[in-house]
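The letters A, B, C, D and E name the chains in turn, as written, and every chain counts its residues from 1.
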């Protein structure tokens, strides 16, 4: 077991800075924004250091309370890559916010944003199943408030829907956690994972169902994802980007961590303890989400809503990839999650620039090429990456996904056929927008002037997408070892946290 | 040596062309005479077509430009060229190249040239006529193809000379005996190929002012006449070679051709003109049915070639 | 060279293709001429569809000024050698329309007529007779109306213009009248 | 391991609270009532957390001279951990409720109504 | 070895440069042209058997990827690159809206496709080519139709490549390798044991190839896409890109050599027989639909996939003559289709419209273009001695040698029908009356003229010396393990039933032409008249206010045929795809209603989902 307690700063710094931002806000509103940028730069560089110098995997142990007795943070390869992605996306959005945050209470917006990012990082790194609940609520409360921001009143409705569904979801999660606690008497993920087979199967099944149902709300899986379209559409674009690029990463992470690490039964393909195979459940949910999301997105005339549905569908795809249960499947899921996070955040940011000059209907994208070639090209890159076309990041993850599901075989062949059909539908509506961008004359010939602050994140995202497309090694190596953490829970996770424990 | 050979071939080619032209013109004259007699007229002398051709070549004419000239020359020249590959009686100028499909495609080049010429005149009547002629062609070429492919498959060769050689040795060896249905189909097709009634929509004189020929006069019309006469010789000649076993000498060859043409003329004399689409679809019904039936019979008889 | 011309003329006489311009009642005489009773094809004469192909222009009957214009146009579209047959008394002197304001009296003031066929109506025998006559004239190299037309084109043109001026569009004239008024 | 199922009265109560809360959320169209419903669900959860910590025969989890934590080889002490959990849960519930109420106030300012169906109509 | 990589890197570099300087159109075109030339220069250096391999650590495996040159691939490479040189040279002066960097990207992808030895890079390149061409088509007319055209293409193409993706993984999971050669030989080895399995997998691939080549029933996108794509891109699309599918078919067709014990028709295994019928039906459908077209680009789109039907029918036989004929026709199609489309593009660039019924009489203004087009359609119609005759002739012989008389009759009908629509296009564009609108139309630039002269020369040269193409084709045939056809000189085409000496035919035709022109010269003089001097039944055009447009008959040229081919037109495959799309959209709009915007509905959904889970858990408890 390796410890590196200094890494507690990953969670501590953003939360500390978040709550001290009102103090800076007294000095200057601009300062508050810059503090966000600086904090997230620190986060990004620190996580990059952990990634590149191969510091991971390690534990953060507080006050020498060794797990399973104390609460710990565990940062393995999966957590590392996800934290890098989250802090990168967060940094980019915060740079974007330098330009976009004009409405209302800028200072508290910055506070909530930092709190959200910090909460998400905590969510990913914590090793305690109840702390997951706490971090979920931290991100939850900050995201309800973020979603309610903005000049438009529909944001309030969206935020309220999110709040209600999410509260019910976290209640279900809490019930699930407590059911497990009654059986094992511990809240440490590693210990639960090691001892999960000692529980009553019936109760375990029930707990598993409650956990999946509760976490599916954050992971945007049907039928627990009713909030997605309204909240995404209602929120201002940087917030939509945050929810899509950071929030859903956290949500899916927790779902997969609980199902695959805690409930997982190692084998050729991971399945779960209990009477009901939760992996199958997630596969069904994921496929249903993909189909419903893509089909709903097909008929949208509001581009933001379209992106929201697409986001939902992509999360379904990710869940479906994880549910395959093989190392390749988990790899595809992680890769797809990263690609989606980057591309979708970029699309929402681009939309934010466009919307500030016009409407957000699909027709308003007409002739974007004439208004702003930069935005047109980057939008196309994002869309093509989501479609999984070569030279863009999405190709590799989709390729791996198809490979994994055909290796699994059986009914995954049919699931894959359905998913590929849904991908054709996805291709249709994205390419329709791309077609509008390049082939129509704009209704108003006014040029869109992209300022430097929004241009930096958009360009950075686009370059990253193409870089991953050409050199998939950037993320494929770490993703593959992260996949190992998910599919072999003892050596990948449990023994790294509690080296002395005996698996059952 | 090569030059001498070339000159010999050249003169032989001229001879064949002249013979074919003369025969075609003669057939045309005789047909006019027969037609007159059926209509209880005296009719023109059977040499009338020669005089007409001579007059046309010596008469003034209008040209609509170089495409018009080129097209009309290209309208009859490939017919003459195709003639060089046809076994006429015992004689073939290029026996090693007498591939049937090649001849059919060379004839098509003549139609292409003719079409280019008359359409370059810019008269809508010629365009209408050309469209009708082409539609008719789409009709009759299909059963014709069915029959020639049956013969290919049956004879296992594509050379006309060899097809003729396979039929030597008496009447019972002729393809007309072996493939009566195919012959019937081709005889009907011949009616359309020659554009005789009931398939003369293309040149309907009272309706579209003689269609493709509307702007042709003098030598251009003469070229058209040469084309028609040579095509007459060529098409009947192909059928004689395919079905009637060729001929031991030129006169018998002509006689056989005339028999075929005689039937065409008789049908021409008694039938009115069909409507355009009726004519096309007619070829897709009865003759095509006959041709396909023939093909089925041939395939059942012949089995599969050993490839 | 003259032998060549003779040969050519001989064949021209034996193969004359006819365009009939049927303006009046005379057209009724042509079907019997063509069909089995009289059968003009035995002289090598066949009806043709367009002026480009024809050698003979047979004009059967009166020519209103409007029609004359078309006849002249058709005649000019024909290519040499070409001959004109005037059929019936209307082409000779106007016939029963001799005093009409709108019908020309003599055809050969406007285009060169090689042979007139007199009568009202001339019978098919008369038409055939004219064909034979024309054939002889052609073969003897006498029928040179088309050359006359080229040579005396100014005169013909003047005559044509004189009558054709009357065919100017009516509306235009009314306009002129109202302007003067 | 605590055989918490012996506290079936409390468990039924917790379940009933959750059920009542959900019923309120599902049937009432007024935002404030929905928030109240959520609160009741929260209370149910909190009750559940507290309930699983003990059973009628358990003793307090503090070692004194008279307090036998282990009887016949079984631990009979009440579990102290859920007490701390429930505190956290209550606090979080409170935060959520406060935010929900703030949003409700904003909604009333912007829409002039608290009826979710009318809000949905207004959005279209 | 390095020049194999250069075939990929040079176009990509060129593409990047072209993308950067795309504002300067002339420079962009120059870059595009020189990239093609440089690629061609690298290609000259390449011989059969050259190979280059590298490995990619991906998906936890070490995947061997590679490039390799086979006789087939070098044939295809020469075809595509040489044609590209010609096209980009032609484009130097034409104002086409084509984005050069997309064309170059397509070139890189196509080079990769032809050289790939593993399915991973094959698929990568295939998809790359797919989206580059989709984006290139988007740049077409910038209208809603152009968008629909590209979207239609995109949908079919993506559907096809997903089908191929499924095939690739089904296969690689069986063999554990992505190598094309290993996979195909594995398929051969299990062919006798599980023929249905093999057919299932291979047909997944074939769907992709059929889509790309526009084979029935996946032909429906072709007219929309060709009709709307940028003028400069259409020749490449139709001449080169449609051949990728043929290349794909040829990867798998060797399988059928071991299929001889499968039930067949006329000695042909039924998979081959089915493909032959697909080809024949494509040929007929294309021709029949082309009858009624008024849009010139669409007409030649139909023509294009009709010819692809010929090629497929021939190669599907997979006999020496069939394969030779198919590849030969592929080459000839490249040439004459290029000639036709390049002239069409030249005309469109001068006239500005694509509706043929509004053109006419342009031969007076663009004589060289007219001649090129004439030679092009003569070749397309298969008229000797131009290129195009030999291959059609061989295709017929290949088909009859198997006793496939019905399919052959269909093909022949398609050939005749192609003659019909080519004549119609020829008439409507170049012949007939010249409208006064086009009085100022000029012949294309010198560069265009050079291209056209070159194309005419190529069409005649390869027509009379087919051996220059048949030699490489014979080595391809040999590389597939078949016995090549006998060769007897560059001027001979050896068919199954007969052989033809093209030079002697050429000489006969030339001599006959000399005679024809002599006759033309010695007979009586003609008089040149303007186009207004025309037979009008005595009516004087000026009095009649007759305009050239009124005196041009080209709209609905084959109207009487409507009645006859109406039954064909009723079979709307297009309608099937459209209806399918509509149903999907309807489904989408119904599903969308789940998300009503009412929070209580969402809660019901969530609780309902939970209840269903619990019940499901209860059942398995």
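Keep this in mind: a residue touches a chain if its C-beta (ideal position, glycine included) is under 8 Å from a C-beta of that chain, and two chains touch if they have at least 3 such contacts.
From a predicted model like this one, the values you see are computed outputs, not experimental measurements.
Separation of chain B from chain D in touch steps, taking the shortest path, is 2. Once chain E is left out, the chains joined by touching break up into A, D | B, C. By the document's definition of touch, common neighbours of chain A and chain E comprise D.
Across A-D and C-E, the chain pair carrying more C-beta contacts is A-D. Among the chains present, the centre nearest to the common Cα mean is that of E.
Chain centres here are Cα means. That of chain D falls 68 Å from that of chain E. Mean C-alpha position of chain A lies 96 Å from that of chain C. Rounded to whole angstrom units, the spacing between the C-alpha centres of chain B and chain E is 35.
With centres set at the average Cα position, the gap from chain A to chain B is 77 Å. Each of the following residues of chain E touches two or more other chains: 527, 533, 535, 597, 599, 603, 607. Contact of a single residue of chain B with at least two other chains is seen at positions 58-62, 209, 214-215, 218.
Of all residues in chain C, those touching 2 or more other chains are 50, 52, 77, 79, listed in ascending order. Checking each pair of chains for touch leaves A-D, A-E, B-C, B-E, C-E, D-E.
Contacts from chain A toward chain D in the complex involve residues 130, 134, 137, 140-141, 144-145, 148, 153-154, 156-157, 159-160, 163-164, 167-168, 171, 174-175, 178, 181-183, 185, 187. The touching residues of chain C, counted against chain E in their complex, run 21, 50-52, 69-71, 73-74, 77, 79. Contact residues of chain B toward chain E in the complex are 10, 13-14, 17, 57-67, 69, 73-74, 76-78, 80-81, 84-85, 94, 96-99, 101-102, 105-106, 108-109, 111-112, 115-116, 119-125, 127-128, 130-132, 134-135, 137-138, 141-142, 145-146, 149-150, 152-153, 156-159, 209, 214-215, 218-220, 222-223, 275-277, 280-281, 284, 291-292, 295, 298-299, 302-305, 307. Across the complex, chain A is touched by residues 1-2, 4, 18, 22, 25, 31, 34, 38, 41-42, 45, 48-49, 52, 79, 81-82, 85, 88-89, 92, 95-96, 99-100, 103-104, 106-107, 110-111, 119-120, 123 of chain D. On the chain D side of its complex with chain E, the touching residues are 22, 25-26, 29, 34, 116-117, 120, 123-124.
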